[in-house]
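These are the structures in question, set out in turn.
Paired with subunit B in one complex and with subunit C in the other, subunit A is shared by the two complexes that follow.
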Partner chain A sequence: MNEFLEQFLIESRDLVAQGTDDLMALAENPSDRERLDGAFRAFHTLKGAAGIVEFGAMTRTLHAAEDILASLRSSEEPINPDTLDEFLTCLDLTSRWLDAMQSAGEAPSTAEADADNMIARLVGSRGAAEVAHASAPGDDTWVGRLSVAAGSHFTEYRTALRYIPSPDAFFQGLDPMNVVAALPHLMTVDVVLTDPDVSLETMNTFNCSLEIVALMEAAGEQVRAALLNVPGKVEVRELASTAIRQSEEVQTNARSLIEAQLLVLQQSDVDRSVGRRASAGRTAVNALLYLGRSELAANVELAIATTKAENSPDPLIAAIEQALSGTGQPERHNNSPTAPVVPRALRVDMDRIDALVKLAGELIVVKNAIGHAAKLVHENEDPRAVIATLREQHALFERLATELQSAVLRIRVLPLRSVFRRFPRLVREIAVSVGKTVRFITEGESTEADATIVDALFEPLLHVLRNAVDHGIEPPEQRASAGKPAMGTLILRARRDADTVTIEVEDDGGGINVDRVRAVARARGIATAESLTAMSDAEATGLVFAAGFSTASTVTDLSGRGVGMDSVRTAVERLGGKVTLESQAGTGTKVGLMLPFSLMMTRLMTVEVAGQAFGLPLDNVVETTIVPRDRIVPIGAGRAFVLRDQTIPLIDLADTLGIQRTDTLSRSPAKVVIASAAGQIGAIEVDRLGERMDVMLTPMEGLLNGMKGVSGTTLLGDGRVLIVLDVEEILS
Partner chain B sequence: MTIVLHDANTIRLIGTCPADDGEVLLQHLLANPQAEVDWRGCESAHAAVIQVILVSRRPLRGPPAGPFLERLIEPALRRAGCQVPPSPRGPEVRKR
Partner chain C sequence: MPDNSSKRVLIIDDAALVRAYYRAALEAHGFVVGEALNGLEGLEKLLLEPFDLVIADINMPQMDGITFLRTLRSKELPVSSIPVLVTSTEAGPHDIAAARGAGANYYLVKPIKQETLAEYAAIFCGRPR
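Entry: the complex of A and B
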């Protein structure tokens, strides 16, 4: 990626964040003119930036938004919340474009279509109000005139326009003909003079006295979007009957056609239906194209090829089913980023860089001092004096290294605000879509965490919040009968505890129904009846994290598609964190995400086996102990011992790693590390317990990437490579 | 020149006619009360020019060269009362 584009991405992200902040503040206080000005500036600058990198779709979209913001600035009217929502959606879209540009280096191919859609929405959100007072009662003759002009085709058109340019339009450099020519899907135009009595002798050619009416086969929003900046009197009339025909009848027909193809595919027998499958697929593709869902059609088209290659109708059936569920919700909100977390440039406070520069300078002083000490040794100086110097410099060096480490860590740190601020609007949207009202509170937005963690948190958090709104908070009637306020409360809270960042999502909903969880877990084969009865309520509640668990009896758009809390758990564990769940029937649920503050440093404990050192992550180590040999008993194929009334399986690290012991220490008591990972506990027998250290772990790469039981390596002080073990894999 | 007085009976619109041509056309029309307008060479015309044609209601010889003018504006002018004599279509007429 070139530097220019990189700069554009950094700046644009900042501007999106700034704009979002201003808009959110406006939502709280619609009369805050300063925030309105701020939002306007953000959109304006963003538009300019997009223009510089020649990202046409983005320029266009932001220009439309900017125009509306400008008119809002000049009017005294309070801002309509719908319009505000569209501005936020617009920034969301921009953000997705930026993500796509980041990963692909260019604007996504769907940008133009997305832009059209967004502009239509922006204009539509405002147009509704405008049209209401623009289409003053009375004068409808122009529509009649158009119907004559269009003849028998009149009913096929969707939008009628009456456009009276202002008399000084020509002076303003405007050509109303160009305006009309640029209208989308223009079908018929009629031009008349506003003053029918004017003659060549009396006319002023510099005064515009035209009235133009036109019919278009385009949606009203599209037409309004095209006329956004046009001065003069503009009246857009959607021809209702045809609009309904388009949206309902056509949709229903096309859907039933697609459903019929699905039936064909499900019934057709395997060997003689290759052709039939393909034709059913093609029909579905055409129906989707007719509905204007080209992206879904493309998916189905791909699936046709897969079906052919695999000689199985399943991929095609799946694709069509997906398309069908997609056609039901024409305005899909895809809030998840298009690409997985991509490393991106970071904006860093100048102070933090200055701290690094200062540290670098001090380190050079230490380097020189060590060089000086070496020279003293070379000149046969008294070794004791040299040792004192070296010790002193080592202490200094250690301090500086620690400072350097924390200074570097601070560079990678971001406040959680950058992810939290996206949620208030999303939560509101989710709540509206399931017919609930939710008060959403965020606390501790300024808590900081490693940028990688902050970036990766959006999706899991959104999932937890969705669950809370969709399943946690009860419908208003139910809340009322339980004596709760009709409006639910949802709190998103963050705090830092030492090296851990804790994020909690708390709702005051109905809590998790443990009996339902048990029943579902049994029905889905997640746990056996016996183990379920043995489980405590808390343990049973924890089953919602099991893969394939989803308790919602009705699958909603939001959650309950079978990728429930287990995806949250996986995402958080991938970041080295863990998830907790507290739930109380009737009063609410609290989901906690415990994450490491930084991904860079790992605390280790070294152990030695057969003369070789290994590292164990300290997070996994519960305790170290010495167990007499006679307390170790063989159980099945393995061994175990009892510690404080708990039976703990014992694993010999040398055996597990396949290392041959040269000497047998079997008579002395066993040194063991008791470790836990993923809820399992086990004891690892080692020859010697080593020291603790903080290291930067290098993950395995290339051929060693898939090696079991190893999570990475680091270098020891004497230059040896320390292999760091993956306790979870060793225990399992 | 985009507006040319061909002879006392024909005023030709050629190429792209800007806003100022409105006044030029008006002067030609006033000076030649019998002249008809021939816009077969006209690619596009500013609304100011269309407005003068509309006011004049002179016979309009077409079709114009620009597709927008031909498909949408000529029919509109005809409906508004301009006389648009049917004219043979051929390459020699649609000079560009």
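Entry: the complex of A and C
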């Protein structure tokens, strides 16, 4: 690859997004010519971009798609849904390739085979054979002639080429022989006249009338890419006998077989699950052995046993997914231990950059004014006048700093559209695979959030959406008998309230069966019978988010294959957000993800221990209280006290951090902060409770990185460094 | 050529031509091949002899492929865990989903090249290349 890679990735992502938008609009209105033109342009430009970075498989695939789009543009017929699906799949594939290039710095090894499959699907969906000139099965007699000429060496070559330059090639400043000479790994070349019967008298010497045939060791892709924009007729044949191509195909077949086992495991069928899961495990193990990856096979083998013991497909799914990510890079990392990772780039509006430039300019003015004030003091000016100037400049500086901060934050902001737009098709596919009909609506896609948050949302949202389609929305017959429209409605909506971005997934399905949740929670030991009776229905429903709720024998109408809602909760909490759940039997379920707008601002509460200040994230703080010493009782190795009928473990922050107290405070009542993290609650004893503040948290770096119990630092107003604690680690 | 000599494949298909075609493909690669004419006969064979892979059709008289799969998967281990490759002329997503729903591990649309079939059989049986 080359130096354009970073730019290529940015631009291609935009184009994929734009193409997807156009295609989705076409799905709504198949006769929208403008959208069709837009989609065509997106594919065309993407193809061009792929050519620049010499990504042959992508060029070839998009070329095939573009050809079909071109013929659709020139005909009056509306685009059919199957073809549309293939175009979307094509963009999905492109997107996956881009991801792979981002992380590995080069095209994935499976790209060629992926491209072959994709082109076959595209052609199939169109029902026509005339796609890319390069892949059209045409007159192959020239290949035969070449093979005769090459004799026994023919099988050593990978690619055959026939190139007929356009007649006006010379006028375009093109030297066809130069073009051919520049081809990679060229082995033999032959040049003949296109019209062998032409005589010297009738021949037009200004016209190019040559036919060039060549054999080379380069892959067909490289040859096609090299001749991409050359005027004339180019035919490239891959010589299928080469061992290289075969081994690639074999790898793909085995991989797709393993991938198919994930789908088998995701079937929700209680009666036959044992045999089904075991057969999927066996198949995956054997396919891995076939690939010669016995270490991965052994892992899957272990997971078969776990899956059986826990009666949940999840361990096996996880093991297979891990194995698949392992087979993606066959042994390659052995010889190149450090794959070049392309830095993540962000596209930013020019306006936002301009705002920064303007703010920086104003800051310079303030800096000069402060310098001027210092000079006045030096010259023994009236101090009161100088103080007035300084106050004025301080106020100005404060305003600028605040503006600068929010301007910088706005740079990291992306609309949620970039993640939302991936869902319509996935939801449709999930719905088809489980035999449901679902109308999927997205609202508020232009809501913005921090890029880190937007990037991390895909997995948890897909989880929630899949649950909604699979278990929330009832089958059409059941809906009909409940008096609902046969087609279910699923809404994905986003909105921003001040510093919170709220994303909701709402379905009009059967809701969550609270009795079932109580039964499962009790069976799984998540809550006791007494506490369950005390819980309101809403509280009980919330137990689906509890860790361990769905890891095991919960193959029920509620959780089906045991998809862990706790994994959604964990992902969202990791981003500093929280999940909510509203469900009404018979009318539907609403899952809410409440996320901070930006990851960088943290609300803190300061506490003091042995004269040293520490910050606790306010999100973790439930309340602060004072506990008399006689109410603290030793429990095992630790201490605890009872607060409103709840036993809360008590941790002394000084002990935990290994700080020696100079004086003992053991006589006075304990000042405690009640904190919660990752579903745990605990009390932290401190010497003094401090103030609350908003800070920019700097993560620990270098040697301090990974220090237990610390999540970062921030600068206090007086220049001291405040260490901010990681409550989750402290409580555990 | 990988050594598939100890690997046993059961073909369940009502069409004699298909069985012969598959048998030739598989025996050329060293597999031991058994045959059954429909799902019922296939189940009987599986309960009597061990097999590493079943290649089953969908549309068959007496017991079709879907019923066969459902019945097989609800048996006791280990017989219920035998991998099943479905080959059928039906190419619609619903057909594929139905076979998967019943317990198929993979689905190939007929016609299938002999080489392809042999290769999938080798993958299913876990013979290293």
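Everything below uses one rule, namely that the second predicted complex is superposed on the first by the 397 of 732 C-alpha atoms of A that agree within 3 Å, B and C clash if a C-alpha of one lies under 4 Å from a C-alpha of the other, contacts with A are read in each partner's own complex, and residues count from 1 in each chain.
By our rule, a contact is a pair of C-beta atoms (placed from the backbone, for glycine too) under 8 Å apart; a residue touches a chain by one contact, two chains touch by 3 or more.
For clarity, every value in this text was computed on a predicted model and none was experimentally measured.
In the superposed model, A:660 lies in contact with neither subunit B nor subunit C.
In the superposed model, A:264 makes contact with subunit C only, not with subunit B.
Touch criterion met: A:282 reaches subunit C, while subunit B stays clear of it. In the superposition on chain A, A:186 makes contact with subunit B only, while subunit C stays out of contact range.
Of the two partners, subunit B and subunit C, it is C that touches more residues of subunit A. Look at A:380: by the touch rule set out above, it reaches neither subunit B nor subunit C.
Touch criterion met: A:165 reaches subunit B, while subunit C stays clear of it. Look at A:536: by the touch rule set out above, it reaches neither subunit B nor subunit C. By the touch criterion stated above, A:210 is placed in contact with subunit B alone, subunit C being left untouched. When the shared chain is aligned, no partner comes close enough to touch A:29: not subunit B, not subunit C. Partner subunit A is touched in their complex by these residues of subunit B: 19, 22-23, 25-26, 29-30, 44-48, 50-52, 54-56, 68, 72-73, 75-77, 79-80. Interface residues of subunit A facing subunit C in the complex, by the touch rule stated above, are 247, 250, 253-254, 257, 260-261, 263-264, 267, 269, 271-272, 274-276, 278-283, 285-292, 294, 297, 432-433, 435. Subunit C meets subunit A in the complex at residues 70, 72-75, 77-78, 80-84, 93, 97, 100-101, 103-107, 116, 119-120, 122-129.
Here subunit A touches subunit B in the complex through residues 149, 165, 169-170, 175-177, 180-181, 186, 188-193, 198-201, 203, 205-206, 208-210, going by the rule given at the top.
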